[in-house]
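Please go over the structures that come below.
In what comes next, chain A is part of two complexes: it sits with chain B in the first one and with chain C in the second one.
Entry: the complex of A and B
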């Protein structure tokens, strides 16, 4: 008999399953929310629906993984990735987005489709399009409310929501945020009052890409990175659409709704329909409120 | 004096070889087509398969080719798009006048390609994916050296019961596709026959976040998990299941994933126990001398030793079949003649599988052999566990198909 000495069956049953499930949902929702706030930020300042957010996230995840694999410490690899993200955002803005200001909404949308295709090509050419893993920042487990949780999963959940909080705080409590809000409310009036629109919109792209980079990195901490992982951008977009394209609060609620619906169907119903659940939810909400749960009605435009 | 004779003999031999190579290079080459996914979602599966294939062809060409002729491979990228794959096949047959199409990508592209193969009288041979068209009664012009999910499903339970004789619940995990449905259907039928109870989990192929999948596996607490997942999905599910607290045995069908990715997933999960792989061909970790030889041939075409995986070996075997088919076909060798050759071809894999690849008139898949590897935490390598297990291409169970 082959391998008769091998241990069989579950050695350690899942402990504190509900706490573990909560951590997973919060981690996934946090990553979606991080990406969705980036989408909202860009939409608020430039009225462009960024379909490349998932691509930006995974490109940055590939980049940070390459640096870690090359032997760099994460304390160097992470800031380097953020710096590359900032440069990438500035290039996207000045090379593409700035040139299409004032054009109909679909022009911006198509521009981001083009950027997405380009970024996917870069992933395949530069990183071979392979499936990779990154070394987790934390190893082992932590005990929380009697549950034995993966330290990495706890870190991802906490870091993601902390970063979402930072982005929302920048928008609400800093002068840059004030200028951003002024640009959102009335771009012409903001320009007349001395707000440098160019700089503000560029900054919005930089923050959005940094959010994507952080989201991509956090995703790589709890899952594998591959070109297929760009689909987290789709989940983030659904979250933004559910919540309302110009609402941070909506992005957060939307991200939670997407993550919970996916998780609930996967765990308790037919797993095959897990991807349909958030889309169905989005369709129902957009049928009732086309501008999303917390979006501004007059912002809706047919593309 | 004897030294001078040796030098002269050596020079003469070199001259003859060079003349032979030059002669073979000036002859009209065999032109074969190769379609696969080189920039789509499964590039990390099919790119190494192609490296293995071209390493073998390169070795044969350097040694003078087949029947004194070089093999020219015209390569195209289908990006895992069935429509694009069909267009590329049409182009290769009509413009490049290839006599065969090799590799192909995932099962979704195969029905269209096989239909065209029959129409153009040009055989198409898949390397990784395989569909029922190649199983008895096989469709004309459709061949495969890959792993049919139906066959893999039936053999997986036989391998599982050898590893875990205590039985209990077997959970089959796969993607929501025709192949996945077949794999878990045949796994369940075969598992029931050997005394397991069944559970299954099918999830959308586009899923990139496996947290809930891992949790569901942990909640189900099966005695053993069998996965039929392509490329990066198996390591992803392994990572999620371990992170969710499942510590039981996982038996992963090697559907062209990279062993290194699997090892890294285990490292990330912080768990190296109870992970097993079953494969139609040997893994790159296998101590077989033939595997080391493939490693050296791969280096000659620029593949780093660290990147060497079972996918390269599958590609190498695929290339070996191509070479033997052309050798027996002779020259000229058009699609019809090659199809006739393939339909009665038997190729020795040199120990890379448990037996030869043998095609018959009504069986274009042939008997396959499967081996289990268990991960050894000490050496951080997969080690062979037991002997090859034979699996007939004629299915033992009838399972409903996914509509």
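Entry: the complex of A and C
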């Protein structure tokens, strides 16, 4: 949602303003897409809708900021955060998600709600009332198509979309991805053919949390981050739903749609309505196509 | 889900022989006189036993019970998980605020209008949910949450130009609800009425078909149940009750602010039904009372333990407690406190015989 920190106020009508806007929207959409791919990956492997994605993202962003503030170099802080994210994902999977396999979707949903509010509490206690700005990795500006672009914004957009590409590539071209797709298609058959479902779903959680961590960090590169920023998770969820919960392509298109609709309302109407634009878009799309733009119709029946 | 609801219904029923449906469904077995008498005595004496602070907490708990009973009909019985609880509370609160505080309508009119407004909004949200299942309904109601909270905060800024709407003191005609004591009796009566209504709805055709639809939609449809009708009724009744609670809460607090109704509130209410017992009226009561008191207990415990924290951190601690309770109950007692009570009661009723409840293998 607006926690995404689209720059409030009028956009400077400078030269190349449209390219600047494009970079901003692409950056925001990239962060949404990164989070949404994580949601889709977990959904595809375990049919659990992760409502805690935004919380995971912002928790990791805070963690990086804390490490950077403690004087660590970012080359140490980022891997450390990824490691913490992996441990967190494994804990979430083995302590909670593993135990409710086979329960109705209601239970999985409530479990992620529980995790979300737990993480929020941890965040508030550890970093409550803190607004962080991480030191930009890159400073200065980049000239592109005759427009002066902030190097940070370009970095965010490029890195986010690159990581989305990496996750999709893992799913499509590696053997682990093959196992994941097999799990998506039919868990029981996959298990019978020797796919270690436990490991695959755990791995899906790990990738999802790493995606969230990366998204949170990139978000903190381009905007002020406080605990309110957990709402980027809602935007990502809306993106995943618009695209169809089980489709990576859908998550990407959905993220673009969400970011564009937010930005459009921000530019042409008032900032306070920007939160509502993606919500309205989602309601329209779900009314016409309950399974989303690229989803499979049967999925609506499952959850 | 099927297993859970069979288990739930089996546990909720006393381990006695029933020879007719009438016996199974009756609420009053004719043996509860002692309980009733004790309950009435405690209720009448309660405001004189406890101090002002506890009376205030009791009132908050009663309002929470009304709201939770409403939510449990929707999310527990019909299994339409609602993240829009705060929005429905806001609808009720602001309906009462606009009519009662801004236009001076009497208390009763405001309460009724709040309930009707809630029902209408519920139906409105219910319509797109008809084609959707659990997760999508949750997200639709989450969308409702953002829509309603944005609207009420815009209303607050535009129409009131202040930090909140000051509510008038409700006048029942024979007594003014200015003090905690009359409030307690009034809220108690409302709560008991709502609980009786919910119990009755649960055992009527209306409520039983919610359970059927939640258990297996296709089977329910082939048994001749109108699925859309059942879901819309669930939304309408539940949100009417929740909005009523919202209006009561607004009047009781005295000041109505849009910021009260955040997503955290919606999640706390979901925590109440999970901790109390999904789909059980008794569970709603237990969960609402426990989780209303929990933050105060935690603060008290930490003060006693000598841990001084800022208000923000305390809020974080409450969040952690809610989250941990949701997870613990989901994992270890998915039927909530109500199931614990039923187990104790059944064991007590059959003592010294052994009683093995119908436990589903997990």
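Methods note: the second predicted complex is superposed on the first by the 284 of 303 C-alpha atoms of A that agree within 3 Å, B and C clash if a C-alpha of one lies under 4 Å from a C-alpha of the other, contacts with A are read in each partner's own complex, and residues count from 1 in each chain.
We take it that contacts are C-beta pairs under 8 Å (C-beta built on N, C-alpha and C of every residue); 3 or more make two chains touch, one makes a residue touch a chain.
What you see is a predicted model, and the numbers here were worked out from it, not measured in a lab.
**Student:** Given the touch rule stated above, what does A:49 touch, chain B (first), chain C (second), both, or neither?
**Tutor:** second
**Student:** Between chain B (first) and chain C (second), which does A:128 come into contact with in this model arrangement: first, second, both, or neither?
**Tutor:** So A:128 meets both chain B and chain C here.
**Student:** By the touch definition at the top of the document, which applies to A:246: first (chain B), second (chain C), both, or neither?
**Tutor:** neither
**Student:** Does the superposition put A:109 against chain B (first), chain C (second), both, or neither?
**Tutor:** Only chain C is touched by A:109; chain B is not.
**Student:** Could you say whether A:275 touches chain B, chain C, both of them, or neither, answering first, second, both or neither?
**Tutor:** A:275 contacts both chain B and chain C.
**Student:** Regarding the shared-chain residue A:229, is it in contact with chain B (first), chain C (second), both, or neither?
**Tutor:** A:229 contacts chain B only, not chain C.
**Student:** Can you list the residues of chain A that touch chain B in one structure and chain C in the other?
**Tutor:** Shared contact residues on chain A: 1, 121, 124, 128-129, 272-273, 275.
**Student:** Where on chain C does chain A make contact in their complex?
**Tutor:** 1, 4, 79, 81, 128, 131-136, 138-140, 142-143, 146-147, 150, 153-154, 264, 267, 270-271, 274, 310, 312-313, 315-327, 330-331, 334
**Student:** Which positions of chain A touch chain C when the two form their complex?
**Tutor:** Interface residues on chain A, with respect to chain C: 1, 49, 96, 99-100, 103-107, 109-111, 113-126, 128-129, 234, 237-238, 241, 245, 272-273, 275-276, 279-280, 282-283, 286-287, 290, 300-303.
**Student:** Where on chain B is chain A touching in the complex?
**Tutor:** Where chain B meets chain A, its residues are 39, 41, 43-44, 47, 162-166, 168, 176, 201-204, 206-213, 215-216, 218-219, 221-224, 231-232, 235-236, 239-240, 243-249, 257-258, 261, 264-265, 267-268, 270, 273-274, 372, 374, 385-386.
**Student:** Hey, which residues of chain A end up touching chain B in the complex?
**Tutor:** Against chain B, the touching part of chain A is residues 1-4, 6-15, 17, 20-21, 24-25, 27-28, 121, 124, 128-136, 139-140, 148, 150, 152-153, 219, 222-224, 226-229, 231-232, 235, 262-263, 266-267, 271-275.
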